[in-house]
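What follows is a group of structures, each given as structure tokens.
Two complexes, one shared chain (chain A), two partners (chain B, chain C).
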Partner chain A sequence: MKRYLFIVSRSPYGSSVVLEQLETAMVAAAFDGDVAILLRDDGVWNLQQHQSGDALERQTLAKVLSGLPSYEIDRLYVCASSLQMRNVTIDQHLGFEAVDYPAQQALIRNSDVVIGGQP
Partner chain B sequence: MIYALAVHGAPYSSNAAEHAIGFAEALLACGHQIERVFFFHEGVYHSLNSHVPPQTRYNVNLARRWQSLHNGGIELAVCIASGIKRGVVNETEQERYDLPSDTLSKTFELVGLGQLIGAIATADRYVEFPA
Partner chain C sequence: MSLHLVFNEQGLHSCLKRKHPDDIVLMLDDGVYACLQWHQARLPSDKARLLRADAKARGISDAQRGAIETVDYDGLVALTEVHSPIVSWKD
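Here is the complex of A and B:
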């Protein structure tokens, strides 16, 4: 079984990239992968409280994130520094743990595959 | 080593393909294997059957270079979800959605996301070429 780390660094509604990354993560988990997700840079906006994709006729990304544990994806992390820089108020119910740079380095080091780190 | 590659950038607007093709050719020249090249996000546009290379980019015919890799036995797999929403359809999808023609080049095939994960799971290295 491979250990996957998906790094999400895009904002939720500027493109379809985040949704497609999360779909890939779900497929990896469905194929017995051990999957972790790290939100960083503008990716932390995906955790913003009270967001709604309805106005854009898009899926609400926070809802997609809230469904990850049902795919057995429960190693969920967010970059503490990216959060602080953007002053994002995260939805605590989503269960993401804020981690510092050394912890992120360890996450990357302990993964077999790192996917989608582009800013 | 066995490699899995993914291309995310569209032809002639991103350099993703030039880098991916050059990397793939170098891998083969060094005796490595390529499990699959997966086209995702806007990378799916590479698989359209209607490309005309721009005259300003002389000597760069991406379709021909992909064809050459394909002729060498490399599987070129296009994400079906990313593809059909951008107008990339094979004969089956053309009929399903009642579209005027198929648009997928014969060099490529439409596959599910599982084929990306399958390639990564098999490969020793996964390399992504972003937009």
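Here is the complex of A and C:
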């Protein structure tokens, strides 16, 4: 089974990049990929609590993230330093694990395919 | 061993925090400007590569490049063949 890592570095509502990445991740999982997600830098804003995509007639990204385990995507990671720099606290039931740089390094090296957000 | 494709200076910044010391970094596009940061950080030149056409187009001098080797497009392809995974860094 191929191990995929999707690295999300964009904020939730500045573009549609994150939603597209997550949809791609779901497709990879549907085709039996072993999928992990890493949120880094502005990507951690996707975990911000009290989001309401409704205000922009968009999907709420935190809700999309909360749905990932039902697509069998349950290796969910977030960069601890990026969280700390932005003072974002995460909703524990989203299931994201805060990881340091060495853990992120290992995550990359242990993946077969790494997909970052493209502009 | 991973190959990191760095497309700009911010990309190098993000990459350096998360790459293994043995990994190779290929700087291309505006990433070729990041060779200056590479030297400032005193990183080993043998772990970096510059895409020749992008460096030449932007006027990166031999002094700026230092001991970092350049590769042409065939060299880029060769690197992608022997490394896994390949990670792109644009921000």
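Methods note: the second predicted complex is superposed on the first by the 116 of 119 C-alpha atoms of A that agree within 3 Å, B and C clash if a C-alpha of one lies under 4 Å from a C-alpha of the other, contacts with A are read in each partner's own complex, and residues count from 1 in each chain.
Throughout what follows, contacts are C-beta pairs under 8 Å (C-beta built on N, C-alpha and C of every residue); 3 or more make two chains touch, one makes a residue touch a chain.
On a predicted model such as this, the values are computed, not experimentally measured, just so you know.
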item	value
Residue contacts with chain A in the superposition, chain B compared against chain C	C
First (chain B), second (chain C), both or neither touched by A:11	neither
Which of chain B and chain C A:20 touches, first, second, both or neither	first
Touched partner set for A:104, first chain B, second chain C, both or neither	second
Contacts of A:116 with chain B and chain C, given as first, second, both or neither	both
First, second, both or neither for A:46, with chain B first and chain C second	neither
Chain A residues contacted in one complex by chain B, in the other by chain C	113, 116, 118
Of chain B, residues touching chain A in the complex	8, 40-41, 81-82, 112-114, 116-118, 120-121, 126, 128, 130-131
Residue numbers on chain A that touch chain C, as the complex places them	5, 7, 9-10, 40-41, 81, 101, 104-105, 108-109, 111-114, 116-119
Sites on chain A touched by chain B in the complex	2, 4, 16-17, 20, 23-24, 27-28, 30-31, 33, 113, 115-116, 118
Residue numbers on chain C that touch chain A, as the complex places them	2, 14, 17-20, 84-91
